[in-house]
Each structure stands twice: as C-alpha cells, then as structure tokens.
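Paired with chain B in one complex and with chain C in the other, chain A is shared by the two complexes that follow.
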Partner chain A sequence: MTMTSANAASAAPATEDADQVTAPARAHWFRRLLRDRAAALALLTLTVIILGAVFAPWLATHDPASNSRSIMTPPVWSAMGEAEHWLGTDGQGRDIYSRLLYGARLTLLIGFLAVGLGGFIGSLIGLMSAFNEKLDPIVMRTMDVLLSFPAILLGLALVAVMGQGVVPVVIALSVSSIPDCARVARGIAIGVMKQEFIEAGRAVGLSNLQLFQRYLVRNAISSIMIFISLRFGQTILIGATLSFLGLGAKPPAAELGMMASQGREFLLFAPHIAVIPSVVIFVIVLSANVAGDALRDVLDPRLQA
Partner chain B sequence: MTAKTRSIRAGLGIATAMVLALPAAAQELTIIRNQDSNHYDPARTAALSGSEVLFMLADTVVGLDEDMSTIVPHLASSWEISDDALTYTFTIKEGVTFCDGKPMTAEDVAYSLNRWYDPETKSPVRWRMGDVKSITAPDATTLVYELNEPHSELLYQLAQSFGSVVDKETVEALGPDFGVTGFNGTGPFCWESWTPRDKMVLTRHEGYTWGPTNYENTGPAQVEKVTWQIVPEAATRTVAMLTGQGDISPYVPYIGVDKLRKAPTVDIVESNEAFWTNYVGFKITKDMVGDVKVREAINLAVNQEAMAEDLFFGEVEPAYSYISSGALDWDESLDDKLLTYDPEKAAALLDEAGWTLNSAGKREKDGVVLSPLAITFTGEWQTTVEAVQADLLKVGIDMQIEPMDATVYWGKSATDDFDMYVMGFPYVSAGDALNLYFRSSNIPTPNRMNYNDPKTDELLLTGSHATSDGDRAAAYGEVLATVHDEAIWLPIYHKPMQIAVSKKMKPFEAHNIYGAGLYKGLQLGFAD
Partner chain C sequence: MLNVIVQRLILSIPVLFGVMLFGFLLMQVVPGDPALVVAGPSATPDVVAAIREEMGLDKPVLVQFWGYLERMAQGDLGRSMISNKAVTEELGAALGPTLELMIGAMIWSVPVGIAMGTLAAVLRGSLVDRAIMALSVAGVSLPIFFISLVMIQWLGVTYPIFTFIGRPGPWYTAEGFMGLFLPAFSLGLILIGPVARMTRSSVLEVLKLDHVRTARAKGLSETRVILAHGLRNALIPVITLVGLQVGYLLGGAVVTETIFSWPGLGRLAVGAILSSDFTVAQGTIMLFALGFITVNLIVDVLYSLLDPRVRK
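After this line comes the complex of A and B, so read on.
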C-alpha cells in the first residue's frame, strides 16, 4: 500500500481519538492500578506464579515424572514431613512442589492459548459483524448457537474424537470463548462505528480494509483486551475442570486439575495431595479475576468520570 | 475452598447421602461394590460384576468348595463320568423350584446349558464348555452331557455362573430384556428390582434347600433381602464401611484396608485361595514390542515389589508369573526363571537389541524413540500404569499412556491401535487362564497379544483333552514355559480376596469362584 498524503491525514483522527481516550490514562494507569491494594497483591501473586511456571525447570527440586519410594509424604511443616519434599509427595511418590511448578506451567499455557485463540477469533468475528451489517444477523445467530454448547460437553466430544490430550482441551476452551468475545467485541464496535470519524473516513474515500484496520480495530481494541483478560480466570477454571475429569494432559505430565483429581483417591488419608493443587487453582483464578477487574476500572474509558 | 475441592466434597456428600438413604432393617443386607454389569444374562456376560449377582440368583449343576478344588453337589446330587471321559451323567435333584414356584427339572438344565453353547447366544465364554456333542435330559432327573473330546476341566467350568439354570419361558418372554427387566432362576435369592448403575435388590427365595454342600446352611438364606449398592468412588466405599452404611464390601481400596482392619466395627475377611492376576499384555505383532528382548527388558525394569508395597500398601502379592504359583497345574520348575527386578540387565538387553540411549536419555533405534503406547482403564489401573511408566523411564523407555473409561476401554482393547494393554482376570487353574488368553482362535480378544503359535494351540488342546492329571499338567506346563520365555506379558500382582465385613455379621469364609467372594450368600447372616 502506498502511503498517500490523504491517507496520512485521514489516519490522524483515529490516533488523535485514541490518544484522547487513553493518553491521559496511560500516564497513570499502572500507578493507579497499584494504588488498589487488592489489585496490587493479585498482580504480584500472578507474577510470582507465572515466573514460577516459566522457570519451572530451574526451580523444581525433582523430575516431576519421577516416582520414589516415599509416597504420600505430608508437607514439610507437618510432623511426618520430609525436608526433601517441601510440599510432600503424591500417591506415586512424586514431588508435589515440582509437579506444581510444571502443573501451573501447563494450566497457564492452556489458559493463555485458549483465551488468546478464542479471543482473537471471537473479536475478529465481532468486529466484522459490526462493520458489515449484512453479515451481522447470520454471524450473530451462529454465535448464539455456539453459545449454547457448554465447554465441558464440547471438551468431552472432542476428546472422544481426538483422544486425550492438551490440544482438544485448548480447542474446546477456545471455541467456548469465541461467542462471548464476539458479542462483546460487536457491542464495542457498534459504538465505534457510530462515531463521526468513521463517516469522515468513508467520505475521504478510504477502503473498507483501511477503515476496519485503522479506525475500527484501533479504537475498539483496548476495551476488548480488558474483556479478554477478565475471561482468563474463567478459562483456567474450566480447563482445570476438564483435566479433573481426565480429559486434559496425558500422564505423567502434571496439570493442576489433573493433580487435584488424582489426589481425590487419597482424600481420606493424605488430603494435601488434592488440596495443594486446588488451592493453587483457586489463587490463580482469584488473582486473575481481581487483577482483571482492577484493570477494567483503570482502563475502561466508560468508567472514568 | 476452590471449586475443585468443593466438587469433591459435594461428590462425597451425594454418595454418602445415597448410601444413607438405604433401608437398614436387621435382616436386610447391603453389599457395597464398585460397578454394575451391563446385564444379568448368565450365558452372555463374562463380567465379575454380573457373576457375583448371578451366583445368588441362580444355581449351577455342581458347586465349588472354598478350597477352590473340590467339586460339590448342587443341583445335581451325584454324577458319573464314563471311562473315556466323554459322557457325564448327572442325577438332578427333585423338589427344586424356580422363583416363580415352577418346578425345575433336568429339562431346564439341558435348556440352559444348550443355550450357553448355542452360537446364536454369542457367549464370550463358550469355549469353557469343551467340544460338546450333545446335552440332553432323558428324564426329569437325569442330565447327559456328551463330549466329542475329553474336557478335563468340565466340572470346574460347570460350577461357573455361565452355566446358571434359567427358566425357558421367562427367557423367551423377555427376549433381549432377559436379565435386564427380570429374571427367573432357582437361586437362594430372587430378582426384585434393578436400577442400572445404582442398585440391585434381591429377596430371599423361601423354600430354598438345595444349596451346594460346602455350606453348613444349604438354605434358605439367612437374610431376607440383599441390596447390591454401587458406590463408584473408592474413598466413599471405605467411609461407608467405616460408618456402617454398608454391611459387606468386597471392593475396599487397598489404601483403606488397613484402616478398616483397625476399625472396631469392621473385619477384613481374607482368603489365600484367590486367583486373580493383574497384568500388562504386549501386542507382539507391533514393532515397538515385537522383539522379545524389549519385552524382557520391560519385565526386568519394572519393580513389582515396590509397587505392591507403595501403591497397594502391601496388600497384594507382587507377580512375576502369569498365574499364581498356587493355582492348579502351575509348573514349579519355572519359579527360578521368572523375570524379577533388574534394571541394569534391562538396560543391557535394550543395548543388545539395538535400542541405545540418545542425548535426551531415551532409547532410540534408527531414529525412532522406544515409546510403546499403553492403553489403560482410568482409576487404580492408571495409577499402576503410571508407576510402570516411571520405572521404564529410568531405563530410557518413553512409554505413552492413553487412559480411558471402562465403557470405551473394552472396545479399544479389541483393536490393533496400541502396544500394551492392561487386564486382570480370575481363574481356577492354569488351563483356565491359558485357554482364555493364548489360543490363536481367541484373537483379537481376549487374545489381545495377537499371540499365534500352532504348537501352543496344540498343547492347549492336549491339556484340555487330557484324562490324567499328569498329562494335563505336562501340556499346560509346556505352554507356561513357552509364554514366559516369550515374555508375552508383564505380570503386575496377584490380587488377594479381601472382603470388608461389619462385625454385626456372623463370621464366614471368603470364596474365590470367579472372584465372587460371597458366592451363594447362604453363609451371610447377622449375629444375634
């Protein structure tokens, strides 16, 4: 595409508009986020967990798949604990701390992939739907149909066809994210489409693609991103549920939901095997939700009086 | 708490509430078990969950003593075997009645056995009957069972639930619903109702007096009502026994056995005559496990003893042989040749077979990593296979696991899409086990190994046709030696018979027939 002077000029309103919304906020938004103590704590927790997951191979004290003869060892702080296994061992004698790190890695990866993929496809569908009125009814009715598929049912069906693994779970979670993201993106985009600069763009003879890319996407993206961040916690939770049902990762890989599920067998005798991974899922989801909420409060232009 | 923990708690709560809701009058017995059968038609099911109920609902021509070797009179008061071992003549008792009151005759016995043998019935265990020429009832009290070839185990096999005597009219009236919506047998208990995957309710057969003579009480049963309650969650079964919501459970998880043993209200009844072996089988026609050296290496790399102690809390006997050395016709000369834990030798064998360690610590040959795929049931079996996986990883074998629900597993295990599979099986003798798994005619299932050896087939027939104990033991001994040499299986453990019993019950001896620890249920009664 050649950058004509008309193009350069017409791009200006969008940037200017975006700046109008975000520029005053951008200078402060992170500081304002941290001013919310709960949000700061949530962000800190998430960061620690994500770092732990990323650096799992260096932080782990044991091979997460390697078993040992000391089984169901309680965590180190209880009377029967062993210094070698900080959080104890599971029913196979595997180190729970090491499995937690690797488990969080897989759980977060599934969550990020699913939210990313589902969010991207969903937003694109929503934006296009708002942009093209002829497309709108067909696309949105299709989304309504998709919305009626529970993620868990979809996951079960996909696993039945594809076999157990991370891929069908990611697909199921992505697909279940698509309609929500599409609807929200469409709602935001409709608002943007009513703005005068869109009409101005058309008037100066911009192509649809240019209008879509430069005017619509740029102005809708921040609100959409906030929504997607809010979905992250929910997706992690459904992903863990699917793993708990035995649909996710294949053994001996560790995944938090799967670890909780395996610990269920020992609930009566060694509750820590199920409780520890469950607590980690809880903390991840809570932190993601609190941080997402705070992020919305700070970034959403509509909430800024 | 998290949603995860909450759902676990809720699940436990529901299961407990379900058990609590059971009637608990004094003469009503609640037996807790892990799973249901898909139906209760004796000739069409090989599932233990079917057999254990059918033993109570119906009777067989002969019975089996708790010692697992003495055949005792049951519906037949006596029998004669011809010198050529081809004709068995049974004298059927008089005065036996079905649950609906109709008298039972030798004609009904012949009908039931012929139905089992009829190819149209599609019995999965038809081979247990031998090569039948005819089964007839010349009069109301005589049954003649004629064979084309001798079948040395015939009486053992006729004691199994598959030979249960059923009422022809009911079978024909119900059609495919026989054993689903109703049943009519001569057993110590009668069918009252069945709610699939929930419970089976049986009521006492009044007037029953023809129980097998291994029991002091040959009838009627001591309890009025028996409820077989399904509790799928292992931990919940333990809790149900601890809290007295169930009276008997043959399905306590190993982790709970010791806790129950120490509990003041529960006893654990055990039996050493149990023959039930859990093993991992190799599909020997697949590249990954086609080499006997690889199969031997896998056998050597797995520490069954550690598994028995750690995963099963010392409640099981680690297995290195394919059948228990206590079973009939086990060849003792094999005892010293069994493959026991020796990871160094395993590594050496793999090197010898050309599977060498790569930079990632995995065994590799011609660019292919040694990564056999094992299919498994979820639950306890998955735990077992994960332990095998961890042991194999230590010698560089990258075993893959595909766990699946029992409803999917049975179908999948009949395909060619795996290198290793898991299975456990009850048996009374070497012949029983070997004929089931190693006949080439039993490919693809239960011979899921694709084991096809004409010599073995011949020896199995010889063993099955043998008329002397020595000949039979020799033939089966040779088969045992061959299949152990070929390392067709990786045996895991011999499962003991353990039954958790409330101390409210009178003491009794556990049975082992087909793994059904309670057998006819005539011994079950509440202490005064």
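After this line comes the complex of A and C, so read on.
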C-alpha cells in the first residue's frame, strides 16, 4: 500500500513541496509528530522492539538455537505454562522469547538493509534523472519496466537462481524498492531544480558535479529520506512472507516469518508457536506504517488526503 | 482511443522481450548442470552427454537463445525436471485454480473496500472515518499468512464450516465453494485496506470539484451527488490501483495457495523452486510476469476509456 500511495503521490505534490518540507516545517515537526498519540505510541513500540533486537544477546534468557526438554510449552499465562520459558517453547523445545529477540534482529536487519540499499540506489537514479534531461526518459521508462515485477516474484526468481537465503531476499526487496524511490526522488529533485539558487550556482560557474552534490542532493535529501522510510513496513512484511515460504533465512537461524512457518504444523495443539511471531511482525509493520503516515502528514500536509 | 491501445501494445514489446531474456538468463545462471538434474544421479556420463546434446546445451549461448525464442514462439516451455510432464501442461492445470482464487478474492473485497472508502470520505473526520482508516492501516500491516492461519483455526477447526485443504472442485459446486471460501476470504482481506484508502482520498478530491458544487446547487439529493457525481469520477484512480494491486495480490496468492494447498501457480512456483525444478520455476515466473503485463495493459486501456481527458 505504501508503495502505491507513494506512487500516486510521487510526481505532483512532492515537486511543489520540496522546499517547504525542509524549511518552515522543520522547526518543531518532531513535537507535532508526538502530539499525535497513535504516532507517539507507534514510535515508542518501534523503539522498544529495535532496542530489544539490538541487545538480544543480553536480553535473551536462553540460547535461541538450543533445544530443551520441555517441548511446546505454552506461555506462562496459560495453565500449563512454566516460569522458565515465559513465552513458552516451540516444537523443538527452543525458548520462544529468546528466539523472538534474535528473530526480530534478522527481520529488522533485512528490512533496514533492503530499504537502505534500494532507497540509496533508487534516489541516486531519480536525482540523476532529474539533473540530466537527456537521461530522464530512458531511465524512467526502465523504472516502469522494473515496477512491473512484483517483489514476491523477484524474490522467487532470485531464490531460484541463488538458492534460499537472506542475501537473495535482501537483493529482491532492494531491487523492488528502486523504481518507487527513483520516481519519488525525481519528483522532489525536479522541484529543487526549478529553484533560483540552481541557476545562481550555474551562473557563478559551478561544475555539474558541484551543483549536483552541493545544491541538488543537499536540498532534496531530507524529503527523499521521509518517503523512503514510508516503505519500511511493507518491506519488512514482504521479507517475512518470503521467509515464511521457506525462501529466506535458513534454520537454525531465527527469523520471525520462518518462526511463524515452523509453528504451522503445531497450530492445532500449540497455536502460540505460530501466533506469537506473527503478532510481533504485525506490530512492527503496523507501527512503521502508522509512524510513517503521521510523519508524512506532519511534514507534507498536502499529501494528507 | 485506438491510438492509445496500439501505443501501449508497442510499448509492451520491449517489456515482453525483457521478460523472455530474464527467463533465459535465469536458466543460464542456475547453479549446476541442467542435464545432470534431468539425467538423475545414477546416470552414466554417456547418458548425460546425450541429454546435453538433446537439450542443446552444448551449443553457443546465442544459438541457445535463438532456439529458446523459437520454442517460446511455438509455446514450448520444455518439460518438468521432476515429473517429466510438459511445463505448459502443468501451467495450464494450475492457471484455472489461481484465477478462481484471485477473482474470488477481488469479487467481494473490491466492492467492500470502495464502500468503506466512500463512507469514510463522506463522514470525514467522524468516528466512523477514523475507525475505517484504522482498520485499513491494520489490514495493510497484517501478514497474509497470519490471516490464513487464524481463518483455518477459527472457521476450519473450531467451527468446522469450511474445508481448508486443497480444491475439492470447481467453485460452482457445493464442495468447491466450501473449499474456495477461506482462501478467497483471507486473500481478499489484504486488498480492502489499499482500496478503501484510495477510494477515500479520491472521493474527497472529487467532492471538492466544481461540478459537484453545481450538482448540489441544482438541488440534487446528497446521495445522488455522492454516488452519481462523486463516486463515479472517483473510481478512475481506484481502477488503476486495483490493477497495480494485482501484482500484490499475486504475491498474496503464492502464500495463500501454499497454506491452503491450493493447486495453483503460486504453489507450483514455490514447490518448483524448493525442489530445483528449474523449467517449471522458469515457466511459472514468466507466466506471472506475462499476466502482470497484460493486466497493466488492460488497466491503461480501461483508464483511457473511462477518462475522457486521456482519450485525446
């Protein structure tokens, strides 16, 4: 969804707003963001989960890969629960809480890498396309072609070639982020290119590279970053889905989508094994989407329908 | 009008060629020797060599590519490396169930999404609006596999109303419908959020326009203003969105089919990839891409039919 909304929004409003996003709104955009209670809660949740993932080795109570004798123990709040494993154990007797921390680590890492890489390449393409009019039609046509490959399809194709693993998933997710980011970046950059200071820069005899780096990139970067961050939730979701299908992370590594998939066979007697990691994915994606929407509304109110 | 169609058809040719090249390269970079996979582990070197010759693998890459294009033009996608059935036969068998699933998902979720979005736009700022928007953000954030698992647990096991393993028959039979319901319902849920959001913003946009004010001014009822003058024009971007979402839905179908053992293209693709059946994997991926291109083409044409501004 983020993808299509960004698509629809990319060209027109972003162009006009490029300068406004950076100038007057910046003063207290963060405070305004926190005034939105849902957004504040979403940011808090995301922060807690990210901290949990970063400090997984210190917060985990068990080795995420080692089996214990108690198999399929339910969480502590049900009658059969044990204090030893407060979120219960999975089908192989591994501690779910500890696996969640490590699983969130891998899931978030895949998301960050993919959004970062795809966002970087995509923005660079978009910026260059806006900067060089001769390049523009060719590049944008290529982006349209790329856009016609859904992320899951790309993921399937890459895994078919490279074998299952985290690397093909990250590449597939990055590549599928490129066209969107390129379109958005181009829209923003075209707005910047129309500004007078660009002409002034040309007049004082700056080289193209200087103009590109000092004037275009610096003025477009913050708006671009916001739009890229909007993709985070959806990217995490697709990454977890690929892992759920058995195409991503390989066991014994813990990844949230894979954990949900491993819980499938125990759904009837121990639903918590699949439900807990699924809920964590849902919470991460929901928080990212809510925070992203609020951020966009605060910084770029014209996109708010 | 005709111009638009012809123009779009011509633009699809390079894309189509790109897809074919992609499919060919896929087979080129696949690790391992395809001839070895076909021959099986116990084959003698002579047999492997014979198969390699038969598959044309001993020829230069360009010759192979030409041969590949020729075979594609004749609708020959090779044979499955596992079942030895023609790939086209496997694809043909899986296409129907996938279409059935996707249509089953869209037929209820698109109208529901449009209704929700219109309601939210009309009651902008109210509690109903906020509830609908919250629901659609939640819907966009829900992993499709989670929805499917919950549905199985709830309507398949706790209250065993529907069946959830495989496709018992075509949709118009009683068993077939009972088997289609849960996967189509789960898949449809992921589409409601995007459709509702897009409809809402599109309706809000249209309701601001002059012709809506004129309609109100000449004393039309509010319902008529919204339905005949607002929604009708607002639906154009929604159609584009639904077209774009077909790819997203296809991704969802891969998951739904895997979970519900639905004998469609998604399950075929995942199974083929996990069992290194490269010819089938190539065939399904290319069919997906082809389907996606076709849908985009139809959407573009529909768009120009519906929006007189594009027609010229």
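Going forward, the second predicted complex is superposed on the first by the 272 of 305 C-alpha atoms of A that agree within 3 Å, B and C clash if a C-alpha of one lies under 4 Å from a C-alpha of the other, contacts with A are read in each partner's own complex, and residues count from 1 in each chain.
Throughout what follows, a residue touches a chain if its C-beta (ideal position, glycine included) is under 8 Å from a C-beta of that chain, and two chains touch if they have at least 3 such contacts.
This is a predicted model, so every value here is computed, not measured.
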item	value
Contacts of A:209 with chain B and chain C, given as first, second, both or neither	neither
Partner chain(s) touched by A:92 [first = chain B, second = chain C, both, neither]	first
Touch count on chain A, higher of chain B and chain C	C
First (chain B), second (chain C), both or neither touched by A:233	second
Touching partner for A:290 - first (chain B), second (chain C), both, neither	second
First, second, both or neither for A:69, with chain B first and chain C second	first
Which superposed partner A:247 touches (first chain B, second chain C, both, neither)	second
First, second, both or neither for A:157, with chain B first and chain C second	second
Partner chain(s) touched by A:79 [first = chain B, second = chain C, both, neither]	neither
Overlap of the chain B and chain C footprints on chain A, listed as residue numbers	160, 163-164, 237, 240-241, 244, 246, 257, 260, 264, 267-268, 274-275, 278-279, 281-282, 285
Chain B contact footprint on chain A (complex, rising order)	65-67, 69, 71, 91-94, 160, 163-164, 237, 240-241, 244, 246, 250-252, 257, 260, 262, 264-269, 274-275, 277-279, 281-282, 285
Chain A contact footprint on chain B (complex, rising order)	1-5, 7-8, 12, 233-235, 238-239, 253, 255-256, 259, 306, 310-311, 378, 382-383, 385-387, 389-391, 393-394, 400-405, 408
Chain A partner contacts - residues on chain C that touch it in the complex	14-15, 18, 22, 26, 29-31, 137-138, 140-146, 149, 152-153, 157, 193-194, 197-198, 200-201, 204-205, 237, 241, 244-245, 247-248, 250-251, 254-255, 258-259, 269-270, 272-274, 278, 281-282, 285, 288-289, 292-293, 296
Residue ranges of chain A touching chain C (in the complex, touch as defined)	1-5, 7-8, 145, 148-153, 156-157, 159-161, 163-164, 233-234, 237-238, 240-241, 244-247, 257, 260-261, 264, 267-268, 271, 274-275, 278-279, 281-282, 285-286, 288-290, 293, 305
